[in-house]
Amino acid sequence: MTTITDNEPAEAPVGHGHDLPSDAQYVKITLILAFITVLEVGTYFIEEATTTLLVGILVPMMIVKFLIVAGYFMHLKYDNPIFRRVFLFGLFLSVVVFGVMLTTFGFFSSDFLQILR
Amino acid sequence: MAIIERSSDILALPPGAGVARAPMGVFSRPRAKTGWRSWVSTVDHKKIGIMYGASSLFFFVIGGIEALAIRAQLAAPGQKLLSAALYNQVFTMHGVTMIFLVVMPMGAAFMNYLMPLQIGARDVAFPRLNALSFWTFIFGGIFLNTSWFLGGGADGGWFAYAPNTGVIFSPSHGMDFYAIGLQITGIASLVGGVNLVVTVLNMRAPGMTMMKLPVFTWMSLVTQVLLIFAVPVISVALFLLTFDRLFGANFFNVQQGADPLLWEHLFWIFGHPEVYILILPAFGIVSEIIPVFSRKPIFGYPFMVFSGIAIGFMGWGVWAHHMFASGLGPISVAAFSVSTMFIAVPTGVKILNWMATLWGGKISFTTPLLFSIGLVAMFTIGGLSGVTHAVAPADTQQTDTYYIVAHFHYVIFGGALFGFLGGFYFWWPKVFGYFLDDKLGKVHFWLTLVGFNLTFGPMHILGLQGMNRRIQTYRDGYGFNFWNFVSTIGAFIIALSVLIFFVNIARSKRGAHLQSAPGPDPWDGRSLEWSVPSPTPEHNFDDDPVVVHFDDWWHRKYQADETGRVVKVHEPEEIAMIGDGSRAHLPAPSYWPIVMATAFPLIGYGLIFNLAISFVGGLVLLGSMVGWALEPSDDEDQLPHGHDGNGHDDGDDDHAAPAAEREEVTVGD
Amino acid sequence: MKLRNSGLVKALLGVPILLALGACATDAPLDSLNPKGPEADAIQNLVVPVFAIAAVVFVLVEFGVLFLAIKFRRRKDDDSLPVQHHGNFKLEIGWTILPALVLAGVGAASVFTLFDLADTPADAQEVTVIGQQWWWEYRYDVDGDGEDDIITANDLVIPVGQPIALTIQSRDVIHSFWIPALNGKRDAVPGRAQPLTIEADEPGVYRGQCSEFCGLSHSYMRMRVVALAAADYKTWQDNQLTGADVPQEALAKKGLEQFRISCSGCHLASGPGGDADIYKGTAQVSGAAPNLTHFASRGVFAGSIFDLWLDTNVNGEVDTEEIGKIFNVADVKKWLRNPPAEKPMYPQGGRGMPNLQLTESQIDALVAYLRTLE
Amino acid sequence: MTDTALGTPGAADHGHATSTGISNTKLAMWVYLGSDCLLFGSLISTYLLLRHRSVGGPTPEELFDIPFTSVSTFVLLMSSLTMVLAVSSLMRGDVRLNRIWLGTTAMLGAVFIGGQVYEFTTFYREGLGYTTNIFGSAFYTLTAFHGVHVSVGIVMLMSMLVMSFRGNLGPERSETVETIGLYWHFVDIVWIIIFTVVYLIP
Amino acid sequence: MFTTGSKTFLGIGAFSLFLAALYGWTTGGTGLGPVTAGYNGGVGDHLGYTLLVSFGLLGIFLGLVAVATRDAESNALAELAGMETAPAEAVPAGRAFEPAVGAFGAGLILLGLVVSNVMFVVGLFLLLAVLIEWMVRDWSDRATGDPAANRMIRNRFMAPLEIPIVGILIVGGAVGAFSRLLLTSSVLGAVAVAMGLGAVILLVGILFASRPTLSPNLIAGVLVIMAIGVGVAGVGAASRGERVTEAPNESTNEDTGTGNKAFIPPGTNKSTTTTVPEGEG
């Protein structure tokens, strides 16, 4: 099916500097993610969970999942650092700016302070 | 289905009939190099830059006429030239036009034309996307302005505070046009932003490290980064408003529990970075002009770069200074007040570094330089009034008065526009191959300066005397009469100066053949764009330039002699490229960008008037996406070309063309 | 070259001169640099040094640029290269830090003032201010029982020397309450109740203007604060707390009948309490109209664009004794004849007062009646 | 604009080394994703701000069907796995596997979208229209924006499949698939956040 | 004068306009409405009418473009190429599925006129699609003498239209079928169905992936069967209808969902009843 008539041999798989994970590793990573997701869903069944508690449990798990997907599936861990900078800058801006915005609305005053207490 | 390129080779025409390669009339790949077709289908960053410039000037006249209408209405108390309803539309459209359709695209014009040249690239990273940005912008602008004929312009002010812009309070279609029109220009900005950022990061000539980029390119990069991150925010805000207006959503419906401050936040989170998007390209331009005419390098290059980055960065942390009176609470106000003040620090560094560049120079007072000095002087005034707004308690007295109007016209007109006007005079010979008349240019400058200060200077007084902005008229007896009259006179002087600018363009063009040709480097320039012939040949550089120094071109002309004194060792003509383009390979023109861009206004009209039009627009969008994808970025029907000595067999009868073509595309998308 | 530069001198000198002139303007009732109360004073005390600093920077930069332009201009036939400075790290750090220090000072001062202004004095009297398209309503809860006892419009009457804690609200879009002589602005944001403290040092009339763009008639949405000496204020308050006078004259009685027919759908003219809460605020458009119970006790009407008493002069020097001398019959009649012609409004959308197609005799009667509502 | 990646299979800069050594398209995708962070940042914070401000019901607590949404979440997670497998198979030069994984990813995406249609319909039946209350407006807007992103992703995957069957998606183009994979994973990441912040944290 | 291409386009245009008028009247248009675009009377069903008119105008526009550019005219081509004779026009060969589909569409239209509007519109779409396909092919078949080139011409014109539409149909079909399946199940059933769908897709993927030796035909067969299965299940589910959702529970509970009640200023003194000043009576 592939009718590649390029004279040069197809360029070797794009070099990422480091070796990317193998398929087996990807599956393992997915299992980890799935496990965390199960834990997340599990919190739904905790009857007496307060919002504070849920935030305290769920947000860290969310961040871990986020980092795993970005780092491994999106190869940020292996790829050119410029990608990381561009993306994380956007992410950082988003979190900080909207965090501040929500703060000016007093959004965190109830939940957030409870955690600190 | 076979892939559709390579048409020429399989046409069963008798041998020798090489001319008629595509039997498809308008459906064939565009190839024109001159005439209107070449403009419609171009993907050349220079042509696109020129079109950006021309359309921004066009919209400047529209926005200016709106401004003159405002000033005429306010010339004396109690006038009835414009009804309240019309006045509200006029000032709103004035603000929107000037910001989104004049200053932003004017910046884009310079960036498009110059940035690839300054980094030594043949084009931007994605030439077709570049064309798409332009067409999307221009159709967005036209879309916005057609509102005048379809029920009236937007009437909610350029920052469109909800709920005053909801259907209940603004039932005409004006705000729909505003919301959708800005959405469209937002798409244009976003696409352009991604493109130009990638270009700067990725397309630099060998040796052109980041810290050797010309300051203008640096400022463009910061601007585009700001755009990329700011546009989505206003997009969301506009979506929410559109959904509220068209589909009855509740985002700004106070009765349903909404908080109108949400709009204010979203708008200004975009809006404040936006004002730096307006000014930074002009800062970049001035940083190119002042060194050239002082014959000295820019003072403190690293500081210039980092202060620009700092401005861009800090610009994200100050948005609420537009909301000091809206009841944020003292803690937020205090935080934003202080953060705002500190933006003066990097900006001050820039002002002082320009002054230090002038210091000890040998300054020639050409028109570009006059405008640049004008910027330094006038922007400072606007910046200082900005700092007085940053003092939050004081701002509660100033906000929404003409003192603010004075501030932002000083920074935008006295800053951004002065810079751009200087840039026009400076790069005109590079772009068109002839000079703009310097004498008329000076008349232009002085008239502008005088008119500008007459118009906006008095607004400081008016504002402090308590004259509100956005008022259709004012009463006698408030002490507003005299200065308003002066301001109106000033506005008409500006109009005169603008006319002189246009006369200058027309006269210079007509007299172009009488002038001596500017040559590649008429001003003894410093950056790479001066190393190619004027006007710039289509392929920019004959060979990829190899960069050694910051201000590389200047260093090629001037070197230290045995005694260590820097002297001129080469005339520019000796070392400039000749423009024969022997080894160049260019992306092929395409119709798809303009076709795709028509989809957006169609969808917009449809949302406002009848969804069936949106449906057609959607089809156009989808179809052109596919058409675009199927069209190789490179037109292999074009004449054979050498590339890096790598010949390409054009007779190759291979249908799976992309694989073959891949190896020799210089730039494409 | 010389000549041209002197043009620049003039242009640049112009700005500070203009600024100075602005500060001295006398006939400007909205002048924001002419404080008449402690809050405005606090702002003024901040503004003056800030402007002074700005002026210094201004002079340095503008004259610096001029000086450089003259000093380092290229002489004819001078083709030599100037010395190629690339920068001076110490210098640049210097002019990074110096402004930062200055600004830190300014910042500290403004934060202090800011928190000062945010404090409401404990003895402040409370008044609710409600903005709507396109006039202001004021509500006083005199006895503190949670019910508003005085409802009035356009003129906010306050006692002199007494801090007033305003609670600013809106019934429709965002407006902004601003009496330059007394304090800065505070937006009236629908869905929010925003605090602002004002206090007047002397009796007098202080003008203001709605300063957030609020639609069609934004320019015609003005207001006044009338500060009265304590005794006068008491008189005013007692009057407001009683019901409206009963008209005696025949014409005025006819006017009352007409009022019941044409006007009572929107306006209230009655004693306190009464039907004050019939409007529940369910619609987004306010649909509200000014309470006319003591209409004739005001100095202005219709969003303060007309004077109701001709002896109240524009400059705000009002002689409270004079109130009630010359009723501005002409403008009231004009208003009743066709309100949207006097002030851009949008009555079809429930915003503003419609043209009620009254005959001249009806208008005469209504004016006679309105005149009695003191 | 997402179509860029679709239309421009990474051909831009072959033959010419870019200054950073990375391809334009991939860089452009990352830049775009950075920008998209702000888009979803705005939407999510709008939702957070508004969700409990409704004047009347229905409320999130009454509607959310966590078991079902969890399944959707898993489906999307699995699609991320198959996406990454598609990329790595093509990098190894296995066109056949690549096609299988591309197709699987697209279909899993379709299941997710089908689930969203289901969810929207049931919510609507239970009384939450787009205009019913402020929670409705915010919820539908946020999740629909995400859904549109997923759908665009499906379209891109399908285009990849078409290209592959036409023989235009050999190993030398693995980067194109990788770029589209970036987009896909990003959409997954956004869902990770939405799932936690919107569904699980009351 | 009129080139081959232009004739086809103009034909489409005229025919669609005719159809539009017809459609306008049959769906309740009044007076001259259907021929004056509603200027003078009603046009009946707006959507269908607008679409037909749009197609008509589009056809005419393309026809005019073709005339103006003398597009696809072999004589013009020959002129351009400076040749004596035009390349011969070959008679095209190829399967033509159009007539069958077209007839089906026409049938649907007829049926639809009687039975249901939806059917009518679907039929109309089919017929139009067929017409366009047919005419474009016809036009391109005569463009040059080289079938390959002709096919290429056709594709260049049609691919941007076909591909997205077919794509949307496929994705939309899948999504539609999945969602119908979910909607017809019970609350818990939906969870199970979703899980099942995801699992089946994933497992089939894994199966194919782990058996490199599977014959492509087998794979294709399995896929087709799956596709048909999904389609049939979807249609079945759709016709079974959605599960009955419990009646929207009136939940204006003060505590839930009203954390931040909108702050509404107190009412003003608007009175609809009386304005009697005190003391009057």
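Order of writing sets the chain letters: A, B, C, D and E. Residues in each chain are counted from 1.
One rule holds for everything that comes next: a residue touches a chain if its C-beta (ideal position, glycine included) is under 8 Å from a C-beta of that chain, and two chains touch if they have at least 3 such contacts.
What you see is a predicted model, and the numbers here were worked out from it, not measured in a lab.
The minimal number of chain-to-chain contact steps leading from subunit A to subunit C is 2.
Across every pairing of chains, the maximum count of C-beta contacts belongs to B-C. Centroid to centroid, with C-alpha atoms defining each point, subunit D and subunit E lie 24 Å apart. Chain centres here are Cα averages; for subunit A and subunit D they lie 14 Å apart. Centre-to-centre, using mean CA coordinates, subunit A is 38 Å away from subunit E.
A straight line joining the Cα centres of subunit B and subunit D is 32 Å long.
In subunit C, the residues that touch at least two other chains are 191-192. In subunit E, the residues that touch at least two other chains are 163, 258, 260-262, 264.
Shared interface positions of subunit A, defined as residues touching 2 or more other chains, are 3-4, 6, 82, 89-90, 93, 97, 101, 105. For subunit B in complex with subunit E, the residues that touch the partner chain are 1-2, 4, 7, 10-14, 17, 19-20, 23-27, 254-258, 610, 612, 615-616, 619, 622-627, 630. If you check the complex, the residues on subunit B that touch subunit A are 201, 228-229, 259, 261, 265, 269, 316-317, 320, 328-329, 332, 654, 656, 659-660, 662-663.
Against subunit C, in their complex, subunit B makes its touches with residues 83-85, 88, 155-157, 161, 163-164, 168-171, 253-255, 257-261, 294-297, 299-303, 325-327, 330, 333-334, 337-338, 341-342, 344-346, 348-349, 351-353, 355-356, 358-365, 373, 376-377, 380-381, 384-385, 387-388, 390-401, 442, 446, 449-450, 453, 457-458, 460-475, 477-480, 483, 558, 566-567.
Touching subunit B in their complex are the following residues of subunit D: 1, 3-4, 6-9, 11-16, 18-20, 22, 24, 27-28, 31-32, 34-36, 38-39, 41-43, 46, 49-50, 53-55, 130-131, 133-134, 136-138, 141, 159, 166-168, 170, 172. For subunit E in complex with subunit B, the touching residues are 46-47, 50-51, 54, 65-66, 69-72, 77, 80-83, 87, 143-146, 148-149, 151-153, 155-157, 159-161, 163-165, 168, 258, 260-262, 264.
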